[in-house]
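What follows is chain A paired twice: with chain B in the first complex and chain C in the second.
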Partner chain A sequence: MAVGLLKKALPRLGLAVPAWPGVRCMTSRLYGTAAAQTQIHQPDNSVGSDKILTEPLKHPDFFRLSELFSLKDLFDARVHLGHKIGCRHRLMEQYLFGCRLEQDILDLDQTMEHLQQALNFTAHVAYRRGIILFVSRNRQFTHLIESMARDCGEYAHCRYWQGGLLTNANVQYGKGVRLPDLIVFLSTLNNVFQQHVAVRDAAKMNIPTVGIVDSNCNPSLLTYPVPGNDDSGPAVELYCKLFRMTINRAKDKRRQMEILYGLKSQND
Partner chain B sequence: MSALCKAVCVSKRAAELARIPCRSLLGFTKHYSSGETGETPGNEEGTPPAEKRLGGFAAAFELHSDLQQKHDIAAATVGKTASSKKKQSFAYLLKHSPLVQMGTAKDKVAVGKIFHIVNDDLYIDFGGKFHCVCKRPAVDGEKYQRGSRVRLRLVDLELTSRFLGAKTDTTLLEADAVLLGLLESKPK
Partner chain C sequence: MSKMAASSGRALKSFVQGCCGCSSVILPSIARNVILQKPAVTVLARLVCTSSTLQRKNIAAAGPEKYTQEFIKKQIEEFNIGKRHLANMMGEDPETFTQEGIDRAIAYLFPSGLFEKRARPVMKHPDEIFPKQRAVQWGEDGRPFHFLFYTGKQSYYSLMHDTFGKFLDIQKYQDSMRAEGLFSQDTKQVNLIGSRWMIKEELEEILVQPISDHDCLRFIQLLERILALPYCSIEEEYIQRFRRALEVQSKKQKIEPLQYDENEVAFSIGEGRRKTATATATVRDNGSGNITVNGVDYLLYFPVLQDREQLMFPFQFLDRLGKHDMECKVTGGGRSAQAGAIRLATARALLSFITENEVESMRQAGLLTPDPRVKERQKPGQEGARRKFTWNKR
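Presenting the complex of A and B:
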């Protein structure tokens, strides 16, 4: 609801319209808002600006992200290793290749597809100048994730999550605060092995989420779950590298397209 | 990191490989004087005279690091990397991975690398999902620094247990291993 009000008050925020099939206007899906549909105002309505935004949507892999990773890279980074069978979450069974000596093995073929979709979505959000927030409560990788976020010009929140960060943002941060357009979870669990509060809150606030789900995680509330290992160093380093390269690629592409269509870029 | 595990598992196979004359990519250089000459022109060593024979595990480790280097160099020069990777499916990679070839983790010897130290606690990564934490031993304590390679006897890959009244296992997010000592054969 707050997001709808934010958009009505400040239509020039230019919040990204995600490339969800068949969803043009988000406010029509928010509970409690009236039937009035807020038009997503673009900075200027010229043909060039339209081309910049519609051109990437015509290609299945506009940013050529499939060349960033391969099955072997995922395998060498130990992405396929899951937890023991006793820790398994029932909803993760569809992503498992099998169980070997009580250790779950994730199916990397499925992971490849999910990762491709997740990276593609992230690239489109970054292309449209969306705000991306990286969240993880795994203390071992806090520094790595924060420096990766800084390197690609996005945001990270790997510390204690206060309850109302997303749902009570107007009170906690003042009016007119812009919420993230995408939240990427490099681990969806918090330190007591419960689902991170941000997963539920992002779903409440209609913020799409990308999340690496291990065999003990619940994938149901995430928009783009990626079954994979979230505990090993090489795996998390690989994810960080992939997200950083994706976002940088998308931003570079945006600059190229703007030059191509002769528009001056507006600084946020 | 999985290359570290491979050293243990191929110790039997290494002996077989040494006797098979090399065909395409692999040239044996220092330790095997069984008359095999590498077919690749880049083998500058030639046939060396018989040198000091290393023990079983150390020999396997040396062999495997040589094999890996030769394979990487040859694959890079020949340029078959892309096609050879594409042919291997996930099932193939998994079946031939050291983790699966090893079998049960109990009482297997592996080579690990220390990646973090907190006073006397050594955090060692041996190629599994989790790392293990071992106490610094009294013997040669100062030699255990970040980046040191050590030998471990694995006990468990993940310490989990189902407690009374719980729905799922509680996991410690750690593996369990006994520290045997430094990897002696590697000159520092």
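Presenting the complex of A and C:
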């Protein structure tokens, strides 16, 4: 009764209010609607499904992503190279190692930490079957990123961004569309060297963002900024490889856990 | 009682209280019905009158009307039942009743004098009447099916992605040939003659999705870039999918077969019109350039040189000035119109004597095109077709 009143009183909340504690509903990001909850058919044993979701959160690096990359790999892929001093963004000064012959060099130690956190977050989102959208407006790598997204089973948008794709989703796509749960920017700038509209829109729609920020980008609106080079071929190929491996690992792990806990609950 | 103003809510409240002595208070500010403790008196709740502007939905913002699957299925069932009824009414077999029969039946049962064909009553299969709806793009868990769904134009961008993939494949092949040392510039080229690129409407049909002129242009540019590569013949099949054959214009000309009269002389008849004049020309072979118009020699019938030039033009163009005899009948029109009509009739008659290339060159010269210019009608309020009445200041 109280829950019903709550739902009526706060119709604009995108949150799905669980009706009773036993059943798990996915907090899906439905645009503007209230009462529509995607009730995913969970197995009858709530204990098993609880375990599947809470088990990864107990370990700092459940998916062992630190094995995927090392500082030397980042250096060989020229991730540390930034733009010239004239293009430097004020808020990126904290991520710079220094400057050589008027070219900024990014601090790869910080990059390692940020990349680890970002990949870990991506893996958790993929584990929980979230929708990941890859965004980049660098025309050199459009084909590469779209192929990578298709191989992972996730989504990509490396084309002209129409205004209301996130903020006006009901009109753009149709009613009841599910928006992405994570947006990954492989380049936060658009073709005119201004910040991509999706960064601001994702912040408006409460969608977490992971972004590769170069020395001329603004890292403030991103949830997990990763200072790194976004213009060189090897660098972007390295990022694509890392994201693809993370997502595949996370999905495989999910399947393993479901089988494991599914079997366990059958045995009990 | 008379002291209290009837419209004042507070006065009403005290009046009620005084009358019934109920403890519950009816506040005029609350817009809802408040349940009384003792509903001995009829509830004096305030009526909320919402204006129609609040209740009216913004219909335009909802977009084009959406038809559900069940609705379309019901329509199809009703159409089939109606078809059978119609067949019974017209006395035909319901099993073999075609769409033409339906059209005839409807035209008979509902005669309409409307000029606009699309405004007349029509009975067609619901698939032809209701526009095709796009099926839902995502599954039960909300995940879209296509990996480019979030771009908004998934089929167009997926086409661009695939085409660029082909471009990269050709480049890779080129690199492998270069590595083996077999690279050469003179390779088999894609045949582009006699075909044209698809237009925006045809592309929209393929993609089942509206695109802009700019998008179409970009796609064509990408295909042209692929054709610029030396080894583009690898993906020839893919490229030909986006080319449409040009219709050869000269094939549309109806060429009458040659006829032969008693003296084994070949002749051919042609008809032509210009303004209000109609002409029928008979061109005979093995002649010496004699031309007869309405039984009279052409020199007498057309004293003006310009008209005679018009008569000669088809023969002069084909270099057959002294080789044919011509006999024609012409009615209507004026001097120039008759000359033009005879010219068109002669040209059409000569089609039977010449090769296809000459037909094409005649068509390009404009000898076979009927002149569509006619006298423009006079409009009311004006003196002629264009001339207005003299403007008077007062």
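In the analysis below, the second predicted complex is superposed on the first by the 217 of 268 C-alpha atoms of A that agree within 3 Å, B and C clash if a C-alpha of one lies under 4 Å from a C-alpha of the other, contacts with A are read in each partner's own complex, and residues count from 1 in each chain.
Simple rule for what comes next: contacts are C-beta pairs under 8 Å (C-beta built on N, C-alpha and C of every residue); 3 or more make two chains touch, one makes a residue touch a chain.
Given the structure is predicted, the values throughout are model-derived calculations rather than measurements.
Asks: Is this a clash or a fit when chain B and chain C both end up on chain A?
Replies: fit
Asks: Could you say whether A:221 touches chain B, chain C, both of them, or neither, answering first, second, both or neither?
Replies: Neither: A:221 stays clear of chain B and chain C.
Asks: In the superposed arrangement, which partner chain does A:83 touch: chain B (first), chain C (second), both, or neither?
Replies: first
Asks: Between chain B (first) and chain C (second), which, if any, makes contact with A:53: first, second, both or neither?
Replies: neither
Asks: In the superposed arrangement, which partner chain does A:109 touch: chain B (first), chain C (second), both, or neither?
Replies: first
Asks: Which of the two partners, first being chain B and second being chain C, lies in contact with A:68: first, second, both, or neither?
Replies: neither
Asks: Could you grab the smallest C-alpha gap between chain B and chain C in the overlay, to the nearest Å?
Replies: The answer is 6 Å, the least C-alpha separation in the overlay.
Asks: Could you pull out which chain A residues touch chain C in their complex?
Replies: Spelled out, the residues of chain A in touch with chain C are 26, 28, 38, 40, 129, 131, 133, 142-143, 146-147, 149-150, 153-157, 159, 162, 165, 171-174, 177-178, 180.
Asks: Per the contact definition, I'd like the list of chain A residues that touch chain B in the complex.
Replies: 70-72, 75-76, 78, 80-84, 86-89, 97, 100-101, 103, 105, 107-109, 193, 216, 229, 231-234
Asks: Which residues of chain C touch chain A in their complex?
Replies: 63, 136-138, 141-144, 147-153, 157, 161, 164-165, 168
Asks: What residues of chain B sit close enough to touch chain A in their complex?
Replies: Residues 1-2, 85, 88-91, 93-94, 97, 99-100, 103-105, 115, 125, 127-131, 157-158, 160, 162, 168-171, 173 of chain B touch chain A in their complex.
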